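Note that the chains are named A, B and C in the order they appear, and that numbering of residues resets to 1 at the start of each chain.
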């Protein structure tokens, strides 16, 4: 009887493809329509040109998620990942991201100043903005104080779960001038002040985690306003016929990077993918999809001027937005994450 | 009408409302999957099968269905014999501490899945079994085995020991008597157990969240992403298909149970 | 014949869970990257600052770590103790990268790199993290920590979380149990009192939710409870309310969906108990003039109490372990313990804390399971 059992088990086990052993190069991005657009511009053409198989996964960010992948050893299935600025810097410092060889990627000078670094090349230039439905508010919110004003603009608010950017927005809503936000936030009193301001709004906040949710929440009427990546707003208006509006005033200016996990078994192919994605002729197609900016200097000059003006990287938009202070977040992300978890869970 | 009658009627009406509460949410989503608008509410705007058409051309769902079927089939293939032997074995012996063994065998059903999932995740990451369907199957078998033991035990309890004694007095060995006498009689229980094992694996999402990579995404895992990120009518369409599937399984299960009950009577 | 399943569950269920329990008390991450420091700190008496050999050990360890890009591990482990220490280790490691400078006076050099080395706090944290075993994670799961002298204190208010989570988990489980029992009584009564044919049909109604994917049920509730969802739409249309109710992403949503999911587990044991109640007794009571309410409470209820308690216990145990449903239907303040176990496993990668939280949940479950087994008998588990 045991023999029967033994064979049954063996037969089923051998019948299962052991995917852990020979997995394909895997690229990880932020899911939803954002990743759909990347598939159109980058992933599918890469597959067609190189003939290499390319698997995809998506994530919602967080240094922790990267660490657990790195520490999972064999469990790591990620190779090329789109990360935010602080994840790039911490990952590079902690050594779980591959230090890239610029020579294989066209040299540092190929990219906009400050966008390429030891471990990453620019993937997307974008903004975290506030958005609302013009069908709900014809004269919508203009700044973060309005976002916090539940009397003038009743209804729930959706914000991205976690302290990053929300603390900045809270300080701006509390009257801190844009230029002083990080000066205030660097002090313990400033952090307390930001949390106190968030406290005011807390009962009305719905937290989102993945980039698709804000438009979903806004579209269903669940919330009256939301923070969102600027790219999602135009897309929703285009494909779902919504009449959402965003404002760049007080928005956060961000650069995401492509990185490669250290010890990736597909390092050579990962370089091939990065090299392909950073070709100006490929890059120039990116802003047409969702309105995200490009990090390759030559591609920037090839853009249609009208399109270039609507990007977060347009000078008038840059002027009213605040760049994410990466060093601040590296130094404080763990402490503030812990505090945020305790604050939001209580 | 006396008060006794009214009182009973009131309770029954409450009971009917409770049963309505149980079934209504599941039925409510079905019409929405045929709605021509993407807004998930009533009244419906018009009939459309476009969301189903969307499903059929989406590789993501097909891969997920394929993975789920592979994992569930393998789980059934391992858990059913394991659980059946255990149930038959348990019926034959009595020993001190047997209740403890039974309680231990049942514990995967009781211990929160997140604990099983995290424990297995910590161990399998070291063994290289995370992110493989094999790892997922091994975990699902542990979760499914108690259900097989329970259903088969129920059948075994109905066995007439006289039959087994007759078999052995006619010279049948243990293996032969199991094959010829016991197995046919407990078969309904074994099949029911297999169905339970199948649904346990087919619906499981917590272990799948921790243990699967992009190539091993199962249907519940894909549904979780769909529900969180993009709750649109195509999610309702896949949900409708799942409801139909589980209704069919339940009816088959019920038919087997009824038939074996009739045979016994 | 029982052996294969015992061996299987031992290997794939009990060993992993045992391993998890082990992780809750194992604390060797710091020692892996800073072995010299750990040896030296053991010689420290805890008063003032440790001697120069400890300073040198830190310098050597962190130089090695900086060059191998492994300083992230001690930085993270110490940040569990005090988030500020992550910066101390990173800054120091950056300063030490390259050749190890022999003959340096590290007692002055380290505080130059980061003034924290001149204070006892970082040293006591290293001492606490020296391992290989410690109660650090278990204490952290209870919002407790040890100070330098070894006595226990509550964590500062702004980082206190897990006692609340534990209380919330118990509270939600208790509420769901109460709701389920109240709803189960009439449902079971109806099922018991209808004809066999109708009962077959109603049983399918009762069981279908159990057979339907948990995600389908959770998604269905999202659709129903949303601000523009079915319930709000209907109530607005018939004019009962004039502003949509907040039914989802809060406690209400979690309670409704969890009660719906666990209700069949409550109905079945109650139904089993009701079937065993003798009709003659209730008839006798009412013929003796007892009113329906009194008959129910004095005659009927006592006979089904065992069934009700089994049902309640089962629902309570199961409710403790739900992860996906609160995730989809609740807000951050409505997540149960399982959420934080998963969160610390995959998001913060604090496996020690995840394991400690898991151990607490496991302990609570097993205690209640023990009571349940005593109550219904081991051979009747799940058969109700």
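The criterion applied here is as follows: a contact is a pair of C-beta atoms (placed from the backbone, for glycine too) under 8 Å apart; a residue touches a chain by one contact, two chains touch by 3 or more.
Just so it is clear, the structure is predicted and the values come from calculations on it, not from any experiment.
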Pair exhibiting more inter-chain C-beta contacts, B-C or A-B: B-C
Identity of the most central chain, Cα criterion: C
Centre distance in Å when chain A and chain C are each reduced to the mean of their C-alpha atoms: 29
CA centroid of chain B to CA centroid of chain C, Å: 24
Rounded Å distance, chain A centre to chain B centre (Cα mean): 38
For chain B, residues contacting two or more additional chains: 40, 82, 85, 121, 124, 228, 231
Numbers and ranges of chain A residues touching at least 2 other chains: 1, 5, 220
Residues of chain C engaged with two or more neighbouring chains: 1, 4, 226, 228, 345-346
Residue ranges of chain B touching chain A (in the complex, touch as defined): 38, 40, 70, 73-74, 77-78, 81-82, 85, 121, 124-135, 137, 175, 178, 213-216, 225, 228-231
Interfacial residue positions of chain C with respect to chain B in the complex: 1-2, 4-6, 8-9, 12-20, 23, 183-191, 193, 200, 202-209, 211-224, 226, 228-230, 233-234, 260, 263-264, 286, 291-293, 296, 317-318, 320-324, 328, 338, 341-342, 345-346, 351, 354-355, 358, 361-362, 365-366, 369, 373, 377-379, 381-383
Of chain A, residues touching chain B in the complex: 1, 4-5, 8-9, 11-13, 15-21, 23-24, 26, 31-32, 55-58, 72-75, 77, 209-210, 212-213, 216, 220, 240
Chain C contact footprint on chain B (complex, rising order): 3-4, 7-8, 11-12, 14-19, 21-23, 25-26, 28-29, 32, 39-42, 82-83, 85-86, 88-90, 92-93, 98-116, 118-124, 138-139, 141-142, 145-147, 149-150, 153-154, 199, 202-203, 205-206, 209-210, 220, 223-224, 226-228, 231, 235-236, 239, 242-243, 246-247, 249-251, 254
Touching residues (chain side chain A, partner chain C) in the complex: 1-2, 5, 62, 64-65, 67-68, 71, 90, 93-96, 156, 161, 195, 206-207, 220-222, 331-332, 334-335, 337-339, 341-346
